[in-house]
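Same chain, two partners: subunit A is paired with subunit B first, then with subunit C.
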Partner chain A sequence: MNWVTACKLDDIEQEGAIRFDHGSRTYAIYRAPDDSVWCTAGLCTHEAIHLSEGLVMDFEVECPKHSGAFDYRTGEALRLPACENLRTYPVEIVEGEVRVAL
Partner chain B sequence: MDDLKFGTRNKRGDWTPHATVQPAPIWQMPPQLKAVLHWLPHYFLPWNVIFAASAVAYWAWVIPPVEVLRSIQIGWVLWLYAVNAVCVFLFYGAFELHLYVLRRQGSRFKYNAKFPSEQKSKAFWFESQVIDSMLRSFLSGVTIWTGLEALMLWAYANGYAPWLSFADNPWTLALVALAVPIIHEVHFFLVHRLIHTPFLYKWVHSVHHNSVNPSPWSSLAMHPVEHLLYFGTAFYHLILPSNPIIMIYQMNFAGFGAIPGHVGFDKIEVGDDRLVDSHAYAHYLHHKYFEVNYGDALIPLDKWFGTWHDGSPEGEARMQARYRKRKEKLAARKAQLDAKGATE
Partner chain C sequence: MNGMVIIGAGECGTRAAFALREQGYDGPVTLIGAEAGLPYERPPLSKPDGGQAIRKPICEQAALDAAGIDYRPGMSVEAIDRQTRTLTLTGSSLAYERLLIATGARPRRLTCPGAKLALDFRTHADASAVLVAATGPVAIIGAGLIGMELAALLRGRGIKVTVIEAGPAPLSRAVPPHLATALHDRHIAEGVDFHFGQGIQQINPNGVTLASGDHVAAGLVISAIGVIPDTALAQTAGLATGNGILTDARLATSDPAIFAAGDCAAVAQPGGGHMRLESWRNARDQAQIAARNMLGGTEDFAALHWFWSDQYDLGLQVVGLPKAGQEMVTRPLGDGQISLYLADGLLVAAAGLGPGNSIARDIRLAEMLIAAGSRPDPKVLADPAVGLKALLKTARAA
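So, the complex of A and B:
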């Protein structure tokens, strides 16, 4: 696994998400209400919309375009029109920095 | 006006009503006479009376004499287009101006806190929902509406459609006029369900669903095929014992009546202390969740066909159960294809 530093933990609001681009790919990194941090593929599996711009509530992110929803911990699609799950990536926090295994 | 007395707002600012959507009480069993009597004025006021009056006004001041209607001529058809276009511009524009340009009630009672003008999107022509919707409304919507209306008037003038006079058949025509919203609702449910089938959704109806956060101009933002199907509601009057005024009422009901469902606000504030219900919530939920509420609440067709979402947690749970089944089906199909691929 290739661990990459994505951002500082403080860059992400609680119940919030930020976009992280690396190479030619884009990811979304979430900070849950319990302060745990998660990472998924950055684009909705329905249409290529950045999920980091969506609404994060509890452990769900809602796509800002068509309101498809995902559990960002597992990547599971929860609501139409998204039917395909998101890919997820391991995350660790090291000295206040968020590192993602890509 | 404090909208939080009537609903809740999430952290994004989206407002959700406390009250769930209820189908018209005429369907309640055992019959609830009091509820029906309370609901009855809403069957007429304010929208249906406005649309019916607009049809009478069209007949009095816009539609040319029958002798002219006997042949399709560019002059009167263009005149009809111009009147329809001006009326749409004024009617839709009034809502847009009041609620979305001047934002006279801010985001009070607004389902989606964001205003479409603040959200540029490549899904729309010129990346603007409002410009895209207006262009689609005038280029295709009003054109197809006018074309079908002209065709129907021509059919009446030449005796191809049953034309009853109000003097000789007042009761029959009163019944047909009363049935106009019912015809609209059944027709809308059927064509709407049809264009949600995968092929037609992809190529036709997805245009309308680009407006996830609908606003007044979204009402007629459709693909031309959808306009044709939607305004095809006029064709029932080729077989019904009717009258051209009622046919125009049917078309105006479709043309102007699309507004309440797309206005984006649950209630419109009138003055300091009066609220007018938009009855938009059922259709807003359709725009948000796609596979619920193909019809509206006048006839509980969605309840009968299992796609009703009234905004309650139970409605949400039913929708999620359908979704899980759909996902299971998709996963099974994918596994089948993978297995097939592995053996080849």
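So, the complex of A and C:
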């Protein structure tokens, strides 16, 4: 596992998400209403759309194009047309920096 | 045992087939598609991958098998016998308990001389033919969503594009005028030529002769003048039709054993009249309701209309039905903007245009505000410092 510093905690709005690109891959990093931070694969499993542009409500992110939804803590697909789960990655906060294990 | 039969295996019919199973129905489900191959999504057709038209299946055969859906591709239905509840298929027949007509819509055809030379853009086969033929200058007839999306696609490939429109402006049907103007300006900046208020005298192998006598040189002419609902089967079977197959709010046709949904259905409205919508989301939303009501439900269709369009790097989204006469409040949003529409103080619609999917989040929040029956103060609504999410939480707490 390769731990990478992705951003500062303050870069992410509470109940929001940002996109994080690393190598040739793209990820989404979420800051939950309780300030916990989570990381998933960046693209919706239905079509290659960046989930970081979707609406984050509670612990759910919704694809900005087709409204498929996921629990970003577990990657579970919650609503059609998304039916395949998202991959998730471990996250830690070190001195205000968000680190993800890719 | 006679089961549920669905005519039309597009987004609507396919969703309905799965929804019947999700509702717990365990009798036979038959899904009849006119085209060969697996059911596929239409929106990606105008977003090809390289030079190839994308054929993205809505579901794999394994998913159809797992759900016990008897999918019959490449099959046409010749007639509906409502007395015996039987369909006549080519060479066979099929009885139904409940029938869903989800035959969609087909391209409206030009009637001018040479109309046959113009290609349609509706099916995967159409998209493939257009992409192969689009090697030199292209003339697109019709400045609606499909025409404008194709113009953007072809300009992106460096092809000279001329758009010819009978009306005075582009996108006049579904897009609010200020956003239609913004998109039009972008097309002009990208080098698209436009002719408005122009009829067609004739189409020939070298291009299009306009009513004015001017000639637009083109090696390929695309016809994108809208669609007409596919009502032929319903009409022949004696079902009530107008601009679409007429249904009540529950999506039942004039025969209670037959339902209609998606592009082909004109649904009774609370204020009177019928409304027919053409969009991906509507096809899916109506499929869900139709499936539940085929199984004895009594749910009215009441989902908000929503659609998107991608042109160049710009994304447009519209929710609800923005109309002249409503109060419009505009919020700046990064490099884009969104407009919200109020009718007698009630939030009823929103429309946004910006790079990529940048306006999607706020349009979704606006949709939730509309669904919550929100009556926001226009001054607060116009203030970019006040987030729509905060407004939604206030509206829901009230």
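Note that the second predicted complex is superposed on the first by the 102 of 102 C-alpha atoms of A that agree within 3 Å, B and C clash if a C-alpha of one lies under 4 Å from a C-alpha of the other, contacts with A are read in each partner's own complex, and residues count from 1 in each chain.
The rule we apply is simple: a residue touches a chain if its C-beta (ideal position, glycine included) is under 8 Å from a C-beta of that chain, and two chains touch if they have at least 3 such contacts.
The shown structure was predicted, so the numbers you read here are calculated from the model rather than taken from an experiment.
Would you mind checking whether subunit B and subunit C clash or fit side by side on subunit A after the superposition?
After superposition on subunit A, which the two structures share, subunit B runs into subunit C.
Check whether A:Lys65 is in contact with subunit B, with subunit C, with both or with neither, and answer first, second, both or neither.
both
What is the contact status of A:Ala77 with respect to subunit B (first) and subunit C (second): first, second, both, or neither?
First partner only, subunit B.
For A:Glu15, select first, second, both or neither according to whether it touches subunit B, subunit C, the two together, or no partner.
Both subunit B and subunit C are touched by A:Glu15.
Please work out whether A:His50 is in contact with subunit B alone, subunit C alone, both, or neither, and reply first, second, both or neither.
A:His50 contacts subunit C only, not subunit B.
Of the listed stretches 58-66, 148-156, 166-174 or 202-210, mark the one in subunit B with C-alpha atoms clashing against subunit C.
Stretch flagged for C-alpha clashes with subunit C: 202-210.
Does any part of subunit A touch subunit B in one structure and subunit C in the other, and if so which residues?
Shared contact residues on subunit A (touching subunit B in one complex, subunit C in the other): 15, 55, 57, 65-67, 80-81.
Once bound in the complex, which stretches of subunit C touch subunit A?
Within the complex, subunit C contacts subunit A at residues 44, 56, 280-281, 284, 308, 356-358, 360-361, 364-365, 389.
Can you tell me which positions in subunit A touch subunit C when the two form their complex?
Where subunit A meets subunit C, its residues are 15, 47, 49-50, 53-55, 57, 62, 64-67, 80-81.
Which residues of subunit A touch subunit B once you look at their complex with the stated criterion?
Of all residues in subunit A, those touching subunit B are 15, 55, 57, 65-67, 77-81, 83.
In their shared complex, at which residues does subunit B touch subunit A?
10-12, 121, 123, 209, 212, 288-291, 319-320, 323, 326-327, 330
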